[in-house]
Amino acid sequence: MSSSLDSYLVLSGLLFAIGTFGFLARRNAISMLMSIELMLNAVNLTIVAFGAFIPTLNVQASVIALMVIAVAAAEATVGLAIVMAIYRNKKTPLVDEYDAMKD
Amino acid sequence: MPIGMTIPFTAIRWDDILFVALAALVVGSGLLVVTMRDIIRCGLAMILCFASLAGIYVLLGNPLVAATQVLVYIGAISILVLFAIMLTQTKNAPTRLVFQTQAWAAALAAIAIAVFISVAVTATTWPSAGAVAWTDTTKLAQTLFNQNVLPFEAVSVLLTAAVIGGVLLARREPASAEEDRP
Amino acid sequence: MNWADLGTIAPVVWAVLVAAAVLVVDLALPGRRAPAIAVALAGLAIVALVILSLAGHTERAFGGAYTLDSLTTFLDMLFLAIGAMTILFANDYLEPRGLPIAEFAAILIFAVTGAMLIAGSADLLLLFVALELMVLPGYLLVGFSRRDPNSTEGAIKYFLLGSFSSAILLFGLAYVWGTTGSTRVDVIAVALTRLVATGSIQPGLAMGLAFMTTGVAFKMAAVPFHYWTPDAYQGSPTPVTAYLSVGPKIGAFAIVLRLFVEALGPLKADWLPVVIILAALTMTLGNLVAITQDNVKRMLAYSSIAHTGYILVGLAAYAGGQHSGITAILFYGVAYTFMNMGAFAVIAALQHWPGVTSQISTFAGLGRRDPWLGLLMAIFLLSLTGIPPLAGFWAKFYVILAAVQGGGWLTVLAVLAMLNAAAAAFYYLRVVVYMYMREPAEGIEATRPSLLFRVGLAATGIVTVFIGLIPVFQTLASNAADVLKV
Amino acid sequence: MGGLARKIPITYATMLIGAVAISGVPPLAGFFSKDEILGGAFKSGFLWVWAIGFVVAGMTAFYMFRLIGMTFWGPSHVDPEKEHHIHESPTSMTRPLIVLAIPSALLGLAIGFPPESGLLHQWLAPVFEHTIAAGGHAEAAYSFFGVDGALAIGTTALVAVAIVVAWRFFGVEIPALGLRTEPRPEQVRAISARPGLALLYKGSANKWWFDDINHRLFVDWGGKLAAAAFWFDRTIVDGTVNGIGTVTSDAGLWIRRVQTGRVQNYALGIALGLIVMAAGYLVLAAR
C-alpha cells in the first residue's frame, strides 16, 4: 500500500475534498482560510508523491513543493491582514454576514 | 538487531502500517478542522494535520520538504492563524452556528470531488517506478538555483509584496483617523 | 543564471526596482504625494524604454523558464500602460479620502510585475508564482480603502474565492505536470503531441485539465466562475476597479496564451467544446444581468464579464483552427483596456468628492454639466457597445470574423456574439440617455480632475477613437500572435 | 427654370462641382470611387457587373448635365412674376455647400491617389486583410499602363461623350471656357418622337407609370394592407418585441438572484462548475 502511488494520490484527493467542504460550509473567515490551507497541502502531497514514485519528476517535485509552501505563506499573510481589516469594519468574522453587496 | 521490512510472522510491511496510521491521522484531523465548533480547536487540529503530513513526506523519502513543512506551516502559518483567531473572537460572535445552511450541498459537492479524483487517479496508468525514491538534496539545490532560480526570485518578490501590503492593511489606524470614523 | 539571463528579464527587474524606489521615496519624504507619483511614473517610463529596447529579440532565459518574444513585448507594454494609467487616475480619488498614494503605487507595480512575468512564462511553476504575484496585490488593492466596509467586503470575497480558485488551478497544474513529466511549456507540448498521436488521453490528465480550466476561467471571470467580479468591482476604490477590470483579466488571457495555446495546444480539440460553452454562457449571462443594474460600476462589472465572453470567442476560433483568433484576442485586449479604463476613470472623476455614488442618477445631465467628461463617457460607452469606427467595433469585428471563418459551431457562437452586442447596446446607451436627456440634480459640486488625470483620460479617449483608424495595433497584435504559430 | 447661374452663383458653382464629381470626371472624388469599383468588378471577372456599371456611369453623366443645363443655363423659363424672388441662400446654407464641395473635388486626390497605394488603401488594408486572405483572392497590382489604365480611360471617355451629348441637347454656358450653345428642345422632341424611342421617352416622361401603379398598388390596395399591418404591428410585433424585452430583463433579474452576496454560495457555484467540467473532460477523454 505504501509503495503504490495511487494510495497517496487518493489520500491527497480526500484531503482536497475535505478542504473544499470546509471552504463551502464554514461561516468563519478564518475557518475558510484554514480550509484553503488544507487544499494547498493536498496539492503539495500530490506533488511530493509524484516526485517519489516517478523518477523523472523526483528533483523537480521538491522544488515545486517548496515554492508552493512559500506561496501559501504569502497568501496566508495577505488573507489574515484582510480578515483583520474587515473585522474592524464589521465586528464579526462570519463571512455570510458580509453581504452588503449583492444581486 | 535490525528490524525487518515486515512485521514479524506476517506479510504486512512496517511502511504500510505507518502509512495507514499517518493517512488516518491526516484525514481524521482534517475532518476535525472543518467540523469542530470551537475554532481554536480547529486550529490545533490543523497543526496536527500538518504534522502528520510531514510524516508522510518523510515516508515519501523527502525529509527536506518535511522539515520545511514543519518550519513554515506549523512554525509560521499556524501561529499566524491562531493569533488571528484570538484577535477576532469576540463574545458576540456566535459559535453555535458554525455551518452554512448549504452544508449538505457542500458535503455532496465535496464527496463528488473526492470520488472524481479517486476514480481518475486509479484509472490512470502512471509511469511509476513502484517504489519510493529518496530525494538527493544536493541535486535539489542544483536545480533550485539553476533551472528554477527565476520562480525562486519571483517567490521572494511575492513574499515582500505580501508583507508590505499585509502590514498596510492590518495595522491599527492612527488615533486621529480612528476618531473621525462615523 | 548569468548576466544574459538578467538582461532578458530586465523589464521585470526594473519594475521591481521601481516599486522599491517608490517605497524608499515614501520613507524619505513621508506623506508627500507628488514625489511618489513622479518616481512611479518616471520609473514606469524607464521600464517602457527597457521593454522597447528588447523589442524584436527572441530569447530564452533561465534554462527555458522565461521566453522573450514579440508576444512578451506586446503584453508587457499593455500591462505597463494599464499600470501607468491606474496611477494617473488614482491620486484624484485617493487624496480626498486620505489614502496614501505611495503604497498604492508600489503594490500596483508589484501586480504589474506579476502580469509581466506571466507574459514571458514558459514554465508552469513560474506561471503559477507569477499569477500569485499578480493577484495577491490585487486583493490588497481592493481592500485599500480599509475604512470603507464595501472595500474590505470586496477584498475578502475576492481573496477567499481567489485563493480557492488558486488551489484548484494548482491542483490541475500538478496533474498536468505529473502526466506530462515537465513544467516547461514546450516540453509539455511535445509530450502531448505524442500522446494525442498514440491514442486517448489519460483520466488523470483530463482531470488536471478540468481543474486548470476552472482556475483560469475564474481569474478571467468567465461564467459560472464569475461570482466574485461584481462584488469586488463595486467595493473597490474606483481606480482599482479600473485596474481590476483589465489587468488581471488580460493577465488571465496571457495565461491562456502561454498555457492553453502554447502548452496544451495539441489538446485543443478537447478543450474547444468547453471554451465554446464558457464563451456562450459568459457573454449571455453578463449582458442579461448588466441590463438590470442601476449602479454603473456594477453594470460595468457585468459588462466586463460579457467582454470576457467575446474574447473567449476569439480563443474558440483559435481552437477551431483559425490562427487569426489569437490576433483578435490581443487586439481585443488593447481596445478593451483603453475603453473600459476610460469609462471607469470617468466614474472616478465624478466620485472625486467622497460620498458620490456610482448610481446611474449621478450621470444625469453630465453632458451639459461637464461637456468634455460627458463626451468622453459617451465615446467609451459607444465603443463598448461596438459602434464603428471606435475601438470596440473593430475588436468585436475581428473576434466575430475569426469565429465565422472557423465555421460550424463557431458560426453559431459568432451569431450569438452579435445578438449579445445588440442587447448590450441597451444598457450602455441608457447611460448616454441619462447624460444627455436628464436634468442634473441640484447642488452637485463640479468635478475638477487634476492635470495627471486629464492626461490619462485624454490618452484613453484618443486610443479609443483612433485604434480602428490607425492599423498599428492590428499589425503589432498580428506579429505577436505569429509567435504562437506551431 | 433655366438661367439661374447668374442669380444664385454660389449654389450654381457648388452644384456644378458636385455634378462633375458625381459624373466621374477625373480627378474629382467621384472618379476614384467609381473607377475603383468598376476596376475591381472587371478584374475579379464580374464582367456583367462591370458592363452595367459602365453604362450607368454614362447615363449618370448625361442626366446630371441635363439637370444643370435645364436649371442653370440657357434662357429663363421662370414666371417673371416670381423671378425677382429668386436670390442666393443665406450664408448658413451656402457655407455648408462650399464645405461639402471642397472634399467632393479634392478628397479623391488626397486619399485615393495613387489608386492602389493611396491613404485610403493603407488605412483599410489591414482591416480587410483577413477577409481577403479568407477569400483566397489577392488582387493584382494596379497598373497605369495595363488593364486599370485602359478601364479608367474607357470610363472617362464614355463620361465625356455623355456630357457633350447632354450639352448638345440641353445647352451649355460656361463663359470662362468660352463655351456657349443654345438648348435644342425641338431636337429633343424630334428624337423622342422617333418610332423606336417614342415609347421609351413617353415611359420615362411618365416615370414609367410608376406613379399610377403606385397609386393603385399602395394607395388603394395598400391602404387596406396597411390597416391590417397596423393591427399586426400593434399586437404581434410590438407584443413580441416587448415580450423579448421583458423576457430578457426578467431573465436578468432571475439570474442576478444567484448573486446572493455570500461567499460560500459563490464558492458552491464554482465547485459545481468544477464538477460539471471534470465530468465533461472525463467523458471527452474517454472518447
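Letters A, B, C and D name the chains as they come in the text, with residue numbers starting at 1 for each one.
The rule we apply is simple: a contact is a pair of C-beta atoms (placed from the backbone, for glycine too) under 8 Å apart; a residue touches a chain by one contact, two chains touch by 3 or more.
Predicted model only: the values in this text are computed from it and were never measured.
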{"item": "Pair of chains ranked first by number of touching C-beta pairs", "value": "A-B"}
{"item": "Distance from the mean Cα position of chain D to that of chain B, given in whole angstrom", "value": "71"}
{"item": "Rounded Å distance between chain A and chain C, as computed from the means of their C-alpha atoms", "value": "26"}
{"item": "Rounded Å distance, chain A centre to chain D centre (Cα mean)", "value": "65"}
{"item": "Gap in Å, rounded to a whole number, between the CA centres of chain B and chain A", "value": "7"}
{"item": "Multi-chain contact residues (two or more partners), chain C", "value": "125, 129, 132, 136, 140, 143, 146-147, 155-157, 160, 164, 168, 178, 181, 202-203, 205-207, 230-231"}
{"item": "For chain D, residues contacting two or more additional chains", "value": "256, 259, 261-265, 267-268, 271-272, 274, 278, 282"}
{"item": "Contacts with 2+ other chains: residues of chain A", "value": "16, 19-20, 23-27, 29, 32-33, 54, 56, 60, 63, 67, 71, 74-75, 78, 81-83, 85, 88, 95-96, 98, 100-102"}
{"item": "Topology of the chain contact graph, where touching chains are joined (line, ring, star, complete, other)", "value": "complete"}
{"item": "Of chain D, residues touching chain C in the complex", "value": "122-123, 125-127, 130-131, 134, 248-249, 251-253, 255-256, 258-259, 261, 263, 265-267, 269-270, 272-274, 277-278, 280-282, 284-287"}
{"item": "Complex contact set, residues of chain D against chain B", "value": "262, 264-265, 268, 271-272, 274-275, 278-279, 282"}
{"item": "Touching residues on chain B, where the partner in the complex is chain C", "value": "116-117, 119-121, 123-127, 145-151, 154-155, 157-158, 160-162, 164-166, 168-169, 173, 177, 181"}
{"item": "Interfacial residue positions of chain C with respect to chain B in the complex", "value": "1, 9, 16, 19, 23, 61-66, 98, 100, 103, 106-107, 110, 113-114, 117, 123, 125-126, 129-130, 132-133, 136-137, 140, 143-144, 146-147, 155, 178-179, 181, 202-207"}
{"item": "Residue numbers on chain A that touch chain C, as the complex places them", "value": "16, 19, 23, 29, 32-33, 36, 39-40, 42-43, 46-47, 50, 54, 56-57, 60, 63-64, 67-68, 71, 74-75, 78-79, 81-83, 85-86, 88-90, 95, 98, 100-102"}
